[in-house]
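Look for chain A in each of the two complexes below; its partner is chain B in the first and chain C in the second.
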Partner chain A sequence: MRQLFANRTSSILLQEKCDEADEKSVSKQKPGDESGNTVVVAPPEFRFMYPEFLPDPAMERRNRLKEKLERIDMLQRRSVVEIPEFYTGSVMAVTVADANSPNKFARFVGICIQRGGSGLRAWFILRNVVDKQGVEILYEMYCPLIQKIEVLRLERRLDESLLYLRDALPEYSTFPLDMEPERRLNNSVVPINPLKVKLRPRPWLERWERQNLQGVEDLNLPQRFYDKAEKVAKPWEKYDLMLQYRKTIPAEEQEKIFSDVHSQLQQQEFKRKMRRRRGTDNEQ
Partner chain B sequence: MFWLFFNHEQVRTMSRVKRRTTHPPYWHVLKNNQRQDEKISSDNLRFVREVIQDKYKNKSPIKGSDLDIEKKEWDPKTKRSGVIARNIGVQHMWEKDGKKVVCTVLHVLDNHVIRYVPPEEYAKSIIGAKVFRNRKPLGCLVVGAEAANPDRFTRQYCSLFSEVGLLPKKRLARFIVTPNAVLPPCTPLTAGHFVIGQAVDVYGKTIDYGFQGVVKRWGFKGGPASHGATKFHRRGGTIGTGRDKARVWPGQKMPGHMGSERRFCRGLKIVRINMKYNVIYVKGTVPGPTNSIVQIFDTLLPRRKFTEAPPHPTYFPPEDGTLPQEDIWDSSLHVFGSPSISV
Partner chain C sequence: MNQADLSKLVSALRIAVKPKPRRFSCPEGPAGRLEKLRATVTALVKYERIELNHPRAEEAQGYAERLISDAIRNGDCHKHTMEMADYWLNEKQLVHKLFKVLAPRYQNYNSSFTRLVLGPKTYPGYYVGTAILELKGNPFPALQPETHNYHYWLHNVLLEEAKKEFRSARQDRNAGTTESVTAES
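On to the complex of A and B.
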């Protein structure tokens, strides 16, 4: 029997953001080709580390002044709480102020299966299996109830959205609730975990064979599923330049946005490092 | 006997009213320039721009002490001027107990008062006669927003502004004011005109959905999706009884143009004012799509009106040169730079 229980802190319906996935996959193919010549331009990795600073690409709803004010608010919030760099596939722990829990704070550990939203509405979903019950929680990154966000294991997976973990064997979504943060050997590169997940036998929540998933083992379905998937597929979309253009923010604008923002983010990082060093010195 | 209780009379009168037009009223002056682009050389173009700049040179900002009209005291029956703003989007904020609040961001454009029409004169105009048919007439303040290049407007339209020496504005609006809240022409109106925590009414034109069917426009349920329904999934169904009156009643709900109508959102609370960028954050949503123009004024709702005097007749920056507080927050909101909420 399928045991899936989704619990959300906010009552928003989840929508698969394939457009986010497309944008990420396009940019993943050439991570090192762009170079910022001037000092003001932020490093190109910023659009992967802080994707919520980029606004929603829909032109009818864009306004430069509002985006600027929203970014100021986001940086204000980040100065109080450290919102670290993370990707789908990273294991994270979030501490939230909760009136109903015994010690007023609730801590949840899970793997990030999806992230989306832009600006102050940015969210991510953590999934874990607790007492054989799958639990997913959607957290809004800039909600002031969040006390702490820790990344216990920083890594990426082969897909941008790990929603197939709901149909996978539970061991792939289980993480100990008292997991310690893992140290990375190589700080410059975020490792990609080439894990191929085994799915449970059908029925599934979605037609995974139609979604070109890289991180899933061979689905072993009868041929008619793959034939239907081919019929329904849209192979021309990868050649559609205007579709990509409408889904992404142009590179010049991205540079402008991140050049506004990166100096402040770097200052905040620096202050945190100094605080941590001073903290360890005090302990010694 | 159901038809006895259905108020057909009211529906019939309202169905005859024309709800929207694509052209302005006939008494308006022709606004946009119809002529084609003339081929001007770049030198001449530069000269034209210099002439415009000289003509509309920046005037020194009006101080509160310079008001020609004697400053009259505020009383609870005063109606202040309103403000033209642009709805630039929606931002999520949080209250001090962690509850999320959807706030609309309104950017107060460069508003200037164009002229004042005294009550006696306004009562004689077409609109004024209708509005003040049975009550004491009030004055009307014409406010303009969004200065633009005079080249794109006709001479008659520019003359509306050249009397006061202002660059012609793209948008004009009228606000009904009591005579003690009158402002002289060229007075700028900014976000400081409003007070944190006050209730405002926002008037805008709703989102234009175009020609819409009966399901979206009136919320009809349509027909069954399956079970043999032939071509009856989103249709209206019956439009009359057939017996009494033997015709379709006027006002029968049918497909048609939906949206692009003037609507008011009453009693929205102002939760944050940014004086530097002239931006107001209002709790709730506002009629109209993003980047559309709205008008904001003090609320008509009797229980949410002012109890103390607001900046009357409008806000003027302090004369001793001190800058006002840049970002003012309502006491119920959680400020982003402050520590996380612990319940």
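On to the complex of A and C.
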């Protein structure tokens, strides 16, 4: 089996250019599985919970065999380390094996501001403000150095990309490093936090007024900024059906991929629950 | 590497989709490209068979297929699909035609909904010529004859056998004449 794991270290301090914020996607309630055929179909919200199982939509880079092998490797890794469900806006803690630290482990807590990549190269960026210094770390989810990923607060925000937190007041990105995991009141629906963030005065890293951000308070810029944004905008892209098609994986393929994968994921979740229950029983 | 966009569910298209879109030269620029394709898609839905340049036909085929597949998947009560139909079809009665006529017609199709046939081009033709873009199931006579191998039809069977007999008879005749020639010599 060829080595498909990424060779990069999981911790890279970032100062990269940001992408346009995507439209928000609302998580749906879990419907029942489709009846009729014996083919098992995953519930539709799987594509939001495990987006890295979907391949890169760029046609030139599609390779069905490579994707299948990658999925096998991803499930293998998930059977060893629990990679929980999380979204942009969730507060997470990641423990990484670090040869140079005194405890041999390095733990970082932060809010997930962006996630991307597909397959074994799936990554997410955690941001926190430590000693008045903003710190962002990009973690590759399937890197073998990662020991533990905990979700301390599972929630979603109004935008798919929270890169504007870099230009926001520091209190919106500060989370205590010894934060405890919070218990969810309602396990079936992931709450959407309607928080509107206040930005610092200009200059900013990006032209936020051009990005149609929902989670930001009124920017209060002079009218010329909005006029230029209108001039530069591409309103026809909203109607460009083929552009959308080239950016998405068709629904039939998504169903096929998740039907392969979801039975194994469910089994893993079940085993973990049993282990946890047995663990608490032993303690008692 | 990018993550796939999750906000919309899209049906798989049954045509060959090229990785990059074609750019058309328009005075308005990229906005004008969609305006031109809009006119083409409207004409296709209205007339069901149009003759045009091949590059524009290929691009319009993709958009037409997307529109019809969305109409089939989501129906007319879906807000986004109705917005797209409203944008892409310049005549509003064609929106009704899309949802009431074309969507039911193509409901159970396992193939593409449109057909692109290459048309004539002037000699020597160093460019890609014209093309005919049509919606399948249209009322006009077929552009290309149906080529099926009806070898099992009775008259074809009899003709095949007659051919075999003729050839074997000719071989015997040739064999007879050569034998007589060798006998004489």
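To be clear about the criterion, the second predicted complex is superposed on the first by the 245 of 284 C-alpha atoms of A that agree within 3 Å, B and C clash if a C-alpha of one lies under 4 Å from a C-alpha of the other, contacts with A are read in each partner's own complex, and residues count from 1 in each chain.
Everything that follows uses one rule, which is that contacts are C-beta pairs under 8 Å (C-beta built on N, C-alpha and C of every residue); 3 or more make two chains touch, one makes a residue touch a chain.
This structure is a prediction, so every number in the text was calculated from the model and none was measured.
When the shared chain is aligned, chain C comes close enough to touch A:P57, but chain B does not. By the touch criterion defined above, A:A97 reaches chain B but does not reach chain C.
Judged by the touch definition given at the top, the superposed model places A:T248 against chain C, while chain B stays out of reach. Of the two partner chains placed by superposition, only chain B is touched by A:S79; chain C is not.
Looking at the shared chain after the overlay, A:G116 reaches chain C, while chain B stays out of its contact range. In the superposition on chain A, A:R184 makes contact with neither chain B nor chain C. Contacts of A:W236 after superposition on the shared chain: chain C is touched, whereas chain B is not. More chain A residues lie in contact with C than with the other chain of the pair chain B and chain C. The interface of chain A with chain B overlaps its interface with chain C at residues 60-61, 119, 121.
Of all residues in chain B, only 88-89, 91-94, 98, 100, 105, 107, 274, 277, 279, 289-291, 334-343 touch chain A in the complex they form.
Residue ranges of chain A in contact with chain C, taken from their complex: 22-25, 47-48, 51-52, 54-61, 115-119, 121-122, 234, 236, 239-254.
Those residues of chain C whose C-beta lies close enough to touch chain A in the complex are 1-13, 17-19, 21, 30-31, 34, 59, 62-63, 66-67, 70, 73, 83-84, 87-88.
Listing the residues of chain A that touch chain B in their complex gives 10, 60-63, 65-66, 69-70, 73-74, 76-77, 79-81, 97-99, 104-105, 119-121, 140, 142-147.
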